[in-house]
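Each chain gets a letter, A, B, C, D and E, in the order it is written, and its residues are counted from 1.
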Amino acid sequence: MLKINNLTVFYENAIALNDLSLEIGKGEVVGVFGSNSAGKTTLMNTVAGLTLHMKHREQRKGGERITIIGELNFEGENIIDTKPSYRVKKGIVLCRERHPVFRDCSVQENLKLGGYLRKDSNLGESIEFVYKLFPNLKRLSLKKAGMLSGGEQEMLTIGMALVAQPKLILMDEPLLGLSPLMQEEVVRAVREISKQGVTILLSEQYARPIMPIVDRGYVIENGTQIVSGTGEELMDNPEVKAAYFGM
Amino acid sequence: MSQDLILKVSNLAKNFGGVKAVNDVSFELQEGEALGVIGPNGSGKSTLINLITGFVKPSGGRIIYRGENITGLPPYKIVSLGIARSFQMAKPFYNIPVFKNLIIPLYSSRARKLKGGAYGDRDEAAIHFLEDVGFERDSQVPYKAAGALPHGYLKRLELARCLTLEPDLIILDELFSGMSMSEIASILPLLAKIREEGKTLIMVEHRLRELFRVVDKAIVLNFGGKIAEGTSGEVMDNEEVRKAYLGSEVLSGA
Amino acid sequence: MKKKAITFKFLALAILFLLMVTGCGSNDEASIDDVSTIVLGVPTALGSIEGADSLKAVELAVEEINNAGGVSVDGEKRPLEVVSIDTREHEPGLPVHDALAALEKMIVEKKPDAIVVGSFRSEVLLSAMDLIAKYKIPYICTIAMTPDFQKKVSESADYKYMFRMGLNSPYLVNYLSDTMAFINQKFDFNKVYIVTQDVLWAKGTGTGLEKWFQANGWDVVGFDSYPTGASDFSSTLGNARAGNAQVIVPIFDMPQSGILLKQARAMQVPALMAGFISPAASDSAWQTFEGEVEGLVNLVFEIGPIPLQAVPKSVEFNANYGKKYGEETLAKLSGHGPGPAYDSIYVLADAIERAGTLESEALVTALEGTDMDGVIGKIKFTNDHQVIYGLDPKETAIGAVFQWKTPGVRVPVFPEVAAEGEIELPPYIK
Amino acid sequence: MIETVLIYGLVNSVTLILTAIGFSLTFGLSGIANFSHGGLYILSGYSAWMMMHYIGLPFALAAVLTVIQVGILGGLIYRAVIMPVRGIVLSEVVATFAVGVAILEFFRWRGFVTYDFNLPLFIKGSIGIAGVFIDYQRLFIIGIGLMLAVILWFFTHHTRIGLALRGMAQDEYTALSLGIESDWAATLSMALGAALAAVAAIIILPLGIISINMGYDVLLLALAVTILGGLESTNGLIVGCFILGYARVITGTYLGPEWMEVIYLAAIVLVLVVKPSGLCGKSKELEERV
Amino acid sequence: MKKGYRKERLDRGIKARTDDIFAICSPREIAYIALPRFIVIGALLMFPLLAVLTGIYWQNVLIITCTIALLALSWDLLASAGLVSLGQALFFGAGAYVTGFLSHHYGWPPILSVPAATVTGALLCTMLLYPVLRLRGIYFGLITFAMPLLMMRIVEATKILGGTEGLSGLAPLPGMKVELYVIITVTLVCVFGFRRLIDTDYGLVLRAIRDNDRAVMAGGINIQWYKTQAVFIAALPATFAGAFLTHHYQFVGMPAFALEYSILPLTSVIIGGTGSFAGAMLGAFILVPLSEVLRAFGTLRVVIYCLILLVFAIGLPEGIFHYIQRKYYQFERLVPVEEIKK
């Protein structure tokens, strides 16, 4: 579905992604694991097109600060030079890290915004689906999103992406900063979404809770992929295990 | 280990526009102890720290530090009494070299008092403190711009910033968040060393396994209120804590 | 993309550099002074209506004199030349130094033999006096109105180069108080409300007027001053209504005073407006205000912008001005400035001819002895270098009070010598 | 007396709302402090006047055309001036301020300084309410001002585009990742703000005469009430306008108009000393809770 | 740009070597560091001696330029401590009025009243701003914006200090040459002094307050106190400028709080580049003479001025000084991406 070939990203002279290649098949749940500053967020942002947006903005201010080289092959089309909105239309939606929701809008409004690019009028159905997935949100639907707890905001973030009816959801550290209870809830939701046939690419640095549902995983360090394999394979790799999955 | 009371928090409360961020929280801390503060997101952990360190003025309650009422004092006075804190999001001063980041606390009145009023070589002292938390003096790292540091080092820098003030009570806000296992593993001995020096520790954490390798007891917050207090086992077995926070995952052997 | 950005940057730098160079260059060109012309400097706020009109009046006078052969200095006929510079004084937030820099630039680069029109704002005039004392150039100002000008002139001989042809605020008080006495006599009104702009000249005039009212048995219902730019006058109008004021004396030269006029009609305040509102002074105001100025009694500071049969020269001035600049421009002529600005050229020409030199000391002495008929009436200076204003154009210079009447005409009603109609109560006063 | 204060206080407050709402909206939606607001306001006045006098259009048509035209101009200003420096706040301020001053001074250069420029009233005449006379134009101001506030509220809360604009204001990158285009949203917000400035000009300017210096005053007023009310808060703007509007009329009536400005500026200083993030800006405090 | 290549910015070799002061050995390296500074100092000190060439008018312009440069420097120092001021006119006016008061009522000569006004004015401003120092960003900006307007209105409404008329005929300064040298020296001292100050540990604390005040508070530093000091230090050059120009024109009045004294320094710094002080000065030295040059355009002047301002603000958002500095210190080159990937 998505094939990333030799993706390289520079911030000024610093290299954030170094010749990274990975593949995501339809319906898979793929995990990208690595410590902070390993390049996970850059990868996610680059796939979603945000890095390109940042690059353009920096360029206008003068100075060639961000360089993106490589190929992003989504359903047979190279999307490396396309705008974020185009990618959303194609079906790639990103849930950014630290669940940044629209704080001053109500939960309901947030979800509506998720369906911003949808032309059909079945927004209500999708929102109902999200409410079914996260019953908590329904209860809070008129509350301002900024008043929600971190876990609820993460649910909302995922919910917004779902309303956009994506083919591929990118989740950047969905479990970061959540309590164990909330982590469980999110993992459950991811499994549920995957069952609907949506492809999922998620990144996480603390992989233990998410491992059971990941079909395939990549471990990256300093922008380069060092190990890849199925969930079990990764779990069995002693080096990786020590570093990323807890003792 | 002496058993003097170092911090006594009683009935602490804070409202933000009608929201009770911290509600009637009390606890005591003996000299040399280490306390964990856990709870779901938004349960008021960070606010609690902000209240103790003076970043937020409480709506009610008292904070006694070594017999002195420090409720509502400005942060710099609280620091000068010997309480230092770290931030959850380590935001260094990006454009200046790493060691220069420590000049700020070294410039404070507390650091100057400790040095007996002497000016001293601050740069040298800064490097010294960086070494303490695992930076290598002879590598390029301490002289590079702080913005280029990898996350793990940022957290170490954050810790170094606290230690520079030579505090008696250290409050660490989610030190482990965003660190990899190996990074945490390398920082644990450091925390152990700090405890050996007899310093008191308060840690806000989500990473319970790692937390309980450092602290003796913990309090659990939910919706701003304290729902449990005790050793790791006591906390873990508490039914209310499980319901509100832990879920079904069993964290044995911590 | 990148290339374009770089060229763009260099282009910007190049433009800047070019401007710097040409700026310094034009510096030298200007100093090539044609010996045969007499240079008159006009440093004023050219972006203001008073400044722009005064410059036009000056140019008209210069054209007339040059057509007649120029001014004879020491037997030699020399033409006049006008140089002007914009001081932007009328703009709020402009520091005094900027206006003074403009004045100094003109003096240093254009080397004028005399300066006319001059400062727009009182404080600029006062601080410009020190500059003029340094450069010793005869200076006839016609816009700024502060009485402190005369105080300074009489206090020190350093300031003897400065003269004023325009009205000052004490004279303004006199005119207004005389008008009020006239109104009192005519309609037996004695309840008055003063409302002024919060600037030096207007407030000073208001205070002077208040004293006169109190001394003459009037009941001053209220005295308000509005900051320049105020756009709501309901509090004054409400108070005036509640206090049953019969006359409202507005003293304003800001455009927003038009709001006062309209708002007074809208709030149906049954009082006669008599004072000075600059937007209502020109001939085109009836049209602008769609007739809402009816009944307003307004002062023209110095005649010139309004033709007065009693002063033949003012009629002539209006005709010539209309010929040169068009009737439409004539209709917009401001109520303060153009008359004396026009006359000051003739006064200067006269003084130069009498002195027979352009040397400033002699010129100042000659100016002090001025006695001639002009657009504004008889022109004579006092000891403190102020033209005397009075009620008879044969004796002194004169300002005129007119009333707006249907179908949109300005009828001079005061002073009585110059009156061409009767003052009447507008229909909205019962 | 008290009736005058009540009614004209309302007029003043709503006038303030109208003058500031364009500025505040743009700021709230895209974080752009549009310092050309005053310039656009005066430009609208002159543009409508020119359409009426040079082309001979009826006022209603000229007004509509002006609003559209100034709206488009606002969008263009974003594209040409703000986009290249987007994100550098001070550069944005300086650039838009330069545009505004250039517009104003251009008119001054073209000689638009005489007292002949004014727009006609919608309906002439006045009406007595509780013994206080008020003209229809001012009633229009109250009516249209309040109507605009309601329309804008509806627009930003219940339409797709309005929601998208608000979303963009709160978190740009999240909005981007949902397919909302940031430059498009900002252009739209600038255009809206500019159009609102034009609407304000067309309703308020008929009260008096159009003058260039008013452009600077309008900008100052807009800036003051927006910050006083708390940035990006429409409720705050309205509360701020009412406080300042009534403060002005009350001081004007009971203390003398010369104190109007002093009280008004002092009110701003006082409010900010007591409440550093403006009257309705409490989001900052909440952030610390997490 | 060529595919597979990227642009890289690298320090020039000479820059890398001269970064450490002890490494300098060759005249070329000394010149590399010192020349830009000496050219500026030299040019400024030479200016008054060239009276024949420049004419009295341009000398006058230089005085105004230095005045604005001082205000801009003051702005930049405040901004370095995170205080974005929109009201430099407050400082200017305070200095101007204090010296005006001393000179007018007590007849102090400028040599006494200017220094006294500099210090007293700065103290007064610090006291005025003390209660609002906890405000940040645009809120502090608005307060400072309102302050000079408020002062102006207070002078107007209460009629103290000459009211709307102001105080005129104050004692003059001893002559153009002395004036020029005094103000040039003060400007240079401020530029280089501030540049040095901001590099010390003290300056570091100020900059840190701007970047992350919470971290500084956690570092045990009383930021309120440091901000107060910053305001006082920053106010000094501005109050001096006010006092100096007051005696230069022998007049002080309400326009001392004029908006332009707030806007010009701000635009100067934006055009020149923030944070470097040299940028602030450069900006003033471009904008003020530019404005004078444009007088030739009469009433069109401001329009052209604004358009040029716009070109600079958009074309070089980082500021002219930073742009020049970057070109001086760094070069750019295209490198194939493969080469850097190790």
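Rule of thumb we're sticking to: a residue touches a chain if its C-beta (ideal position, glycine included) is under 8 Å from a C-beta of that chain, and two chains touch if they have at least 3 such contacts.
No experiment lies behind these values; they were computed from the predicted model shown.
Common partners of chain A and chain C, by the touch rule above, are D, E. Chain centres were defined as the mean of their Cα atoms; on that basis the chain farthest from chain B turns out to be C. With each centre defined as the average position of its C-alpha atoms, the distance from chain C to chain E rounds to 38 Å. Chain centres here are Cα averages; for chain B and chain D they lie 47 Å apart.
Separating the CA-averaged centres of chain D and chain E is a span of 32 Å. The multi-chain contact residues of chain A, meaning those touching 2 or more other chains, are 61-62, 64, 147, 150. Shared interface positions of chain D, i.e. residues touching 2 or more other chains, are given as 84-85, 88, 108-109, 216, 258, 261, 286, 290.
Among all residues of chain B, those that touch two or more other chains are 19, 41-42, 55. Residues of chain C that touch chain E in their complex: 2, 8-9, 12, 15-16, 19-20, 22-24, 26-27, 46-47, 84-86, 88, 92-98, 100-102, 104-105, 108-109, 122-123, 126-127, 129-131, 146, 148, 152, 198-200, 203, 227.
Listing the residues of chain E that touch chain A in their complex gives 1, 4, 6-9, 316-318, 337, 340-341. Those residues of chain B that touch chain A in the shared complex are 19, 39-43, 148, 150-152, 174, 177-183, 185, 206-209, 244-249, 251.
In the complex of the two chains, the chain E residues touching chain B come out as 201-202, 204-205, 207-208, 211-212, 214-224. Listing the residues of chain A that touch chain E in their complex gives 8, 10, 12-13, 15, 18-19, 61-64, 67, 69.
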